[in-house]
Each structure stands twice: as C-alpha cells, then as structure tokens.
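Given below, in the form of structure tokens, are the structures.
Here chain A shows up in two complexes: once beside chain B, once beside chain C.
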Partner chain A sequence: MSVVWPAVRLQFQLLRTSNDYLLELVRAPILGLVLLALAAYHDRPDLVPNAVVAPVMVALWGTGLLAAGELIDVDRELGLLEPLIATPAPFPSLLLSRVAATSALNGVVLAEVWLVAAATGAPISVRHPLVFVGALVVTAFAMVAASLLMATLFLATRTALPFQNSLTYPLLVLGGVFVPVDSLPGWLQPLGRLVFLSWSSDLLRASLRPEPVAQPLARMGVVIGLGGIALGIGLLVLRRVLRRVRADGSLRLT
Partner chain B sequence: MITARIIWYSVCSGLADYTLIFTWRTWLFGWYLRILAQVLFFASIGWLLSPNDTRYLLVGNAVAMMSVHSLFTTSSTAWERRCGTLPLIVASPARPIVVLASRSLYWMAEGFVCALGSMLGVGWLLGVSLPLEQVLWCVPLLLLIGLSTYALGLLLGALVLNRTDLRNVVSNAVTAAMMAVCGVNVPAEAFGPFAGAVAQLLPLTHGLAAVRTVLDGGPAQVIAAQAIAEAAVGVAWFAAAVGVLHWMQWRARRDGSIVFAE
Partner chain C sequence: MTHPAVLTENLTRVYAARRSATTVTALDSVSLRIEHGEVHGLLGPNGAGKSTLMKLLSTVLLPTSGRAEVCGHDVVTATKAVRPLISVVFGGERGLYPRLSARQNLMYWAALYGVCGRVAATRVEELLDRFDLRDRASDRVETYSAGMRQRLHLARGLIGNPRVLLLDEPTNALDPAAALRLRQTITEIAAQGRTILIATHDMHEAEHICDRVSLIDHGRLIATESPHALVTRVQVPTLEDAYLSLVGPSS
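Up next is the complex of A and B:
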C-alpha cells in the first residue's frame, strides 16, 4: 500500500510532461462529434447512446494501451526501469498504481464527450445511474488489469510500438464499442464476447436507454471475471519475466 | 540534377527511418491489420443504417487513409530536429525545404497501399460492390489527395519544429478534424455552413468528392472540377509550408535558436 501514492504521484508528474497523453483528450470529443452527427444526420436518436459510449471506450482503450507501452518504453529511456525493478518495492503494485493513475484521464474524456453531446442537443441522459456507475467501475478495473497484461508483454519484447499500433482498432471492432457484438457477423461474435469491452459497452449503452437493463450484476460479473483473468495472467507472466531478467541480467536487452 | 540527387537521398533517409519502425511482418500483421480494422470500425456502422450508408462510410474512411498517412509527415518532419540533424541540414548549401519536403514521401506510398487495400479488402468483407475499373480511375485521385495532404502535413511539421513535443497532438487533432468535416462519415454541411466553408479549404474534401463521383459513374466535368479544386488547395498549403520553412530557416540562422537535439 505504501508504494501506491508515490507511484501515482510519479505518474501524474510524467503525465504533465508528456503531451502524448493529451491525444485522447483531443481526439475523443471530435470522434464524439462525428458519431453524434452520424446519428443526427440519419435521424437515428436510438444510436445516440452508441455515439456517446464509443468515444469514451475508444479513449479508454487507447489510454490503456498508451500507458502500458509508455510506462515501459519511457522508463527504459529515462533509465528508471532498472532501479524500479531493483528496489524492494513490489514492481506489479507500482505498475498497477501508475496505470490506474493514467486511466483517471478517462474521467475527463467522459466529461468532454458529455459536454459535446449536450452542446449538440443530443437527447442523452443516464436512465439507470447505478448500472452506469457500476459499469464504469468494473470497466476501469478490467482496463487496468488489461494494461498490466499488455505492459508485461511489452516488457518481455524489444519495443511496445508495433503492439500499441496493432491492438487498437481490431479490439475496438471485436469489443463492439459502437456496433454491438450482436450485430457483428456470427463467426466474430464468440471472439467479441471474450473482450471485456463488449460487455462494458453493452452495459453502458443499456444504462442510457429507458428499457430495463437485463441481468446487470451478472454482466458486471463477466467484466470483473475477464479483468481478473487478465490480471492473473499479467501477474503470472510478470513474475516470470522479472525472475528471468534478474537472473540473466537481460533487462537492457529485452 | 543536384536537386534530384538531394531528393533521392532524402527519400532514402526517410525510408531508413521507416524500416526502423516496421519490419514487413510487423507492418502486415500489425499496422495493416489495424488499418483494415479502423476502416471496418467506421464502415460497419452502416450495418445499423443501410447498405448505401455502408458504402458511403467505406469509401470515405478508406480514402481518408491516404490523408491520415500523409499527415504523419508532421511528425517525421519534426524527427529531424529530435535526431539533431536539422542544424546540419540548415547549415548545408542545399535548400532545407528540398530535404524536408522529400524525406517523408514514403508515407504517401504507404497511404496509397492502405487506402486502396482497405477499399477493396474491407469492401469485399462487407459485400460492398466496387467496380474494379472505376476503382482504378480513383488511383490518380488518391495520389492527388495524398499530395495535397502531404503539403498540409509539411506545413504543420514546420510549425511544430520549435515544439516537437506537440507533433503527435497537432497531427492527430488535424486528422480528427478532417475526418469530421471533410465528408468522410457525413457530408461536410452536416456540421453547419461554417464547417462546410472550412472543409472547402482543407485537403481531402474535394478529392474525396471526386472519388465518390467516379465510383458513382458521375459526369467527368464534375470529377475534373473537384480534382482541380483539390490540386489548388494542395498548392496553397505547399506555398504556405515553403514560406514557413524559409522563415524558420532565416530566423534560426539569425538568432541561433536552432539546437542539435532536445
């Protein structure tokens, strides 16, 4: 617990000096505007929840990927990675705290997209506040867990950039962040259901619609379960990678 | 002759950067897959609308890939400063504008492959019929869109030479804005008359309209008019880029504000 606050403070200091983290804060409201315009242009108010949820999920996933990659790459560049791993402080806790600090940016994204929706007069309101808040909380947990898993993979490879680039849109399509997984071709649906984004997006959209939300707790449980699996694999792989790089001194070479 | 050699060396230098970013495997199974997925992400919204909208979204987002890649020029222009090579370029007898305007041309080649590949590949996946003959007529228009956007990317690259930390934010913000107002997902007028007027001054708007007209089998005069408008927009942005780069070079030599690395 004692490493959490220093790790969060370190991450906030790094966030202030890295403009790349501003990317999603700039992109998300514009994407929101485009998707809301699509719904309005086609006179489809039923798609407004999709248009509001999608940019938030795109930003969430983008920030998670960026955080996972930057934590390793920037730490490597700054020469922080080796001392951080050498200290007695548990590296997984450090990593998790810093990823969680970064994902706090998504609160700003949510506010931005909401403001864009309000400014464009889109008919949007939270019809099921408990489901909405619950979905946000479990989504944040799953995202932090997924980021830990990805950071671990980036640690084990030479560079994060190719993975960061390639994991964005394929996962956003599979995650049904605008087009629900149920509307994807049948052969893609089982894959989509393995991505926590699909359950989170469905829940968030459902919380913005007037119809009752079916089985909210069970669906939140699935998000927590998928996040838990990512967390478990991430911690397991991280422990192995750390043991390996400590044993053979290959941290600089990985 | 010397200028041609400088252009060739600049292109080779840029390609050397590029090969550090991607191997053919990471490009094909990483980047290209991501591009196809990005076009699919937007085009598949048409599944919730109508087949005609799927086609509209597919063509808009595939053609936009040409501009998205050309705008990477903003970042790669700024790399010269981050790598410490900019002062050497400014100090050399060659004109810096020739080097900086040529070093990022590889983005155009990649943009072309991604635009055409995603139009055909994602089109096939979504069952959108695009006649091959008409798609081939779009090739020169795609290159024109690439060139006009490249000019804008070069200007933005020149503007961020003194704040290279902003290169990604600026290029991404402009890319997102172009995706919004240039008629990629909805007609530019959907955002109101002001956005519609701004879109007329941006690359992609006219070129994309020309591509849509070609694919719809529209009149040649309309296509030619839109192509000329796209070219004019590109020339204007290129002139602005040259002006800004000359000014930056003059100021850097005068006050010594240029640095070898950040």
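Up next is the complex of A and C:
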C-alpha cells in the first residue's frame, strides 16, 4: 500500500490554503533583491552567488521547519492525530511524503530568485550544471530527513512553536547560508560542519562560480550522509515516540 | 472457535500525572464481549472511561494491564492486523481538514486505508450520496453545518469498510432533527452487519439503537445488558431511570 502520492496530494491541497507557506514565495524574492542590491552597491559581483543561494536556503529551511511543526501541531489541534495513528497507513511515510511535498515549493522559490537576479541584471549563471542539480537533489533529501527528525521532536513535545522559533536563525548561521562557515569564528566552524546546510550552501555557491568545484561528489556524499543520519535517528526516535505517546496518552494533548 | 468482534479481559488504564505522583484510573478491570453485528452502547458520565476504552480499542492508547482484542487480534501485539478492521469517529468539530472539501478529505482517508484509484473514487461518491453530501462535496468543510460535519465524520469512518466502528458521542452538539437522522443512519450501518460501539450520554439514543449497553462509572463496568433487560431488572420505566438508579444522579 502506498500513501506517498495521496499524502503529497493532500499537502499540495493544504499548501494552497495556507498563507504561511505562500508567504515564503513573497519573502524569498524580496530577500534576494535586498542581497543583490547590497552586492551591486558594494560592486561585489563575486557575492552574487551568495545573494542568490541565501534566500533559497532560508526558504528551504523555513518551509522545512514550518512543515515539521505544522504537520504535528495542526493535525493535533484538528483532532486528526489519533484517527491517523489508528489507520493502517505507516505514519513515518505520511510525514516524509508531506514534508517532501512542502520542500517542492522551494523549486518555485529558486525560479523566483533567479528571475529577480535576471531582472536586476545581476551576473549570474550556472557554471557547473551537474554539481548544481546534484546539490539541489541531495539538499532536498537532507532537508526532508531533517524535517522528519524535527517533526518527531515536535510530536514528543506539546508544542512546536518554541522549537521552531529557536531553531531558525542559529541553524541559518551555523549552516553558512549567508556567509560560508569558513568565515565564522574558528570555534564555531566544526559545529557548522555538522549542519548539512553548510555543505549544501557551499556546493550551490561553488556551482555558480567559474572556478572548478573541488571534490563535488565527496561533498554531496557528506550531505547525503548527514541527511541519512538524520533520517535514521528520526525513524528510530519516531518509533519510540509513537510508543511513548500511546503509553502515556499524550497523543491528543496540545 | 469464532472470535467476538470485541473482547476485553480485565482491561485497565491508569494515567499518571506529569508532575506529581498521583494517578487516575480511567478504566478499571473492564471485561466485555461484543459479538459481530451488535450495536453496543457505552453509557456513563463524563470521565467515566468511555473514551479511554475507545482509544484502547483503536490502538492509539496502550493498556496498563489486561488485554483487548478486535476480531481475535490483540490491540497491543497485533496493531497491524487490528487497524484495517476498525475505524474510530470522534464527535464534535475535530477529525477533518476544515479547509479541504468533503471529497478531498474522503479521498485522503481512503488512501490511508489502502483504498486507492477508481475504487476509492467510487466509494467516495457512494458515501457522499449516502450521507447526502454530494451537492456540497466540493465546498470547504469549514462551511458545513454541525450535522453535515457529523455525517461526513461517519462517511470517513466507513471509507475503509471497517468491521468494527467506534463512535465517540457522534450526536454530540447536534440539533434534535440532525441527531435523529444520524441515529437512523447508524441503524442502517448496523444492518449491514458491522459491529458498532457507541459512546453516548443520550439515553434515548441508546435505548433505540443499541442491542446491548454497558454502564461505566469511575472506570468500572457496572452492568452490561440489553436496554430492555436493564430496565426490567432495575424495575424502572426508562433506560434513563435505570442509569440514574445504577450510576446515581451525582455522577
């Protein structure tokens, strides 16, 4: 039995009715415009890849975090979690499918930011298409995996909002979304390298620059590895959390 | 040997308070046998343990001790076998995506029960017809009346073709006409041979649609009989009088 497509379809239907998600489609191009304006003002064409990648990664992380929290919080608030758990459908597959559907929204964000860059005359082009596409694919995988892990955390707690708020900007900084992790204080860099966003951001920026990309496969492998670890932990913890909430009766609590 | 639709033996559920050592026994050694095709009412005051029993049978809650089976499958050790056989419908506003249409909601729930493609589409349309929702099937659920939502809840409960339907206060918050209509629908569903376990405060409802009722108070099973037998035994004119006599007006 596959619940993947029905869950993806449901998520798209819900996305169309949710202003929170659609807000990213407005926020990302504006952020792109601001960053591109800064690069132009300081006459730093070398920063254009940063200005294009950052809004996409911010949207990616934001929608992933929002989806992870909303899937649990909203379903719990609507009294859906209990009947959902009582169906034969595998709950992890439902979560993964819905988070993946949400992350697909970032394809639109990427197109928007690219259009903004083109409209403002920013010198931007994909210099290494295979690396670019590969980085997008492995990043999407890692984001879905990270979202599952966070959704599990939100399921175990009574509300997702405090976690969502506290995880947004620290992870964007540690993930080298605005500036590469190499530019962070030395003591922060090892921590940043544990966040898949840092590898993804570096790879995407590198794919937009003319210089050859060093060890692209190995770096993609790291993103896959970090995503795989998050997925493994997420699935393991989800199984335990589901058992725990059934044991302590906290499934319905908000 | 044929297994009953629902069987519980000394089923007990104790809730522990999060920040203190106190515990609450929501269900206390309940033993119950419900045969296939039976409409069984669970009667009791708020907090009596009716919803807890529903949750235990629907596998979303684990018992503290004792055991429960649905069609011969243990609800703790054989959840994969139990879940396709049961469906749970909670009353009130909860349990549907309000911003989606009835059709969208039903198609999703169909998939969760492994019903996909044309089979799902056909079954959804049948249920929309049966519950008189077709005219508004494409409208958002948030625009529905309480009666329409409750009919949609029932349709959702039937989308997976369950053998055992658990209804938790399905006529709660409905006006008398809508409640009457829903009771008729429940009777029709039961006539198809499904087992229905219905938790309700409405004695009139229980008297008219239930083959047998179980009275629960403070987690303990007080009596399990047909409404008529209960009324006769307690020697009162109505089930409500029997309930008040056994459970007490203070509850």
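Keep in mind that, in the parts below, the second predicted complex is superposed on the first by the 251 of 254 C-alpha atoms of A that agree within 3 Å, B and C clash if a C-alpha of one lies under 4 Å from a C-alpha of the other, contacts with A are read in each partner's own complex, and residues count from 1 in each chain.
Heads up, the rule we're going with is that a residue touches a chain if its C-beta (ideal position, glycine included) is under 8 Å from a C-beta of that chain, and two chains touch if they have at least 3 such contacts.
As the structure is a computational prediction, the values presented were derived from the model and not from experiment.
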Exercise for review: Consider chain A as the common anchor and indicate whether chain B and chain C clash or fit when overlaid.
Suggested key: fit
Review point. For A:183, is the partner it touches chain B (first), chain C (second), both, or none of the two (neither)?
Key: first
Check your understanding: After superposition on the shared chain, which partner residues are touched by A:248: those of chain B (first), chain C (second), both, or neither?
Key -> second
Review point. In the superposed arrangement, does A:3 touch chain B (first), chain C (second), both or neither?
Key: second
Review point. Of the two partner chains, chain B (first) and chain C (second), which one does A:129 touch, if any: first, second, both, or neither?
Key: neither
Review point. Between chain B (first) and chain C (second), which, if any, makes contact with A:212: first, second, both or neither?
Key: neither
Point to revise | Once both complexes are placed on the shared chain, angle at chain A toward chain B and chain C, C-alpha, multiple of 10 degrees | key: 90
Practice item. Considering only touches as defined above, state whether A:89 meets chain B (first), chain C (second), both or neither. Key: second
Point to revise | Partner chain(s) touched by A:170 [first = chain B, second = chain C, both, neither] | key: first
Review point. Now for A:40: first (chain B), second (chain C), both, or neither, which partner does it touch?
Key: first
Review point. Across all Cα pairs of chain B and chain C, what is the smallest distance in the superposition, given in whole Å?
Key: 9
**Study point:** Those residues of chain A which chain B touches in one complex and chain C touches in the other
**Key:** none
Point to revise | Parts of chain C lying in touch with chain A, wherever the complex brings them together | key: 13, 15-16, 55, 58-62, 80, 83-84, 86-90, 92-100, 104, 107-114, 116, 156, 160
Review point. Where on chain B does chain A make contact in their complex?
Key: 21-22, 26, 29-31, 33-35, 37-38, 40-41, 44-45, 47-49, 53, 165-166, 168-169, 172-173, 176-177, 179-180, 185-187, 190-191
**Study point:** Residue ranges of chain A in contact with chain C within the complex
**Key:** 1-3, 5-7, 9-10, 13-14, 17, 78-80, 82-89, 94, 243, 246-249, 251
Review point. Given the complex with chain B, which residues does chain A contribute to the contact?
Key: 19-20, 22-23, 26-27, 30-31, 33-35, 37-38, 40-42, 44, 47, 50, 161-163, 165-170, 172-173, 178-179, 183-184
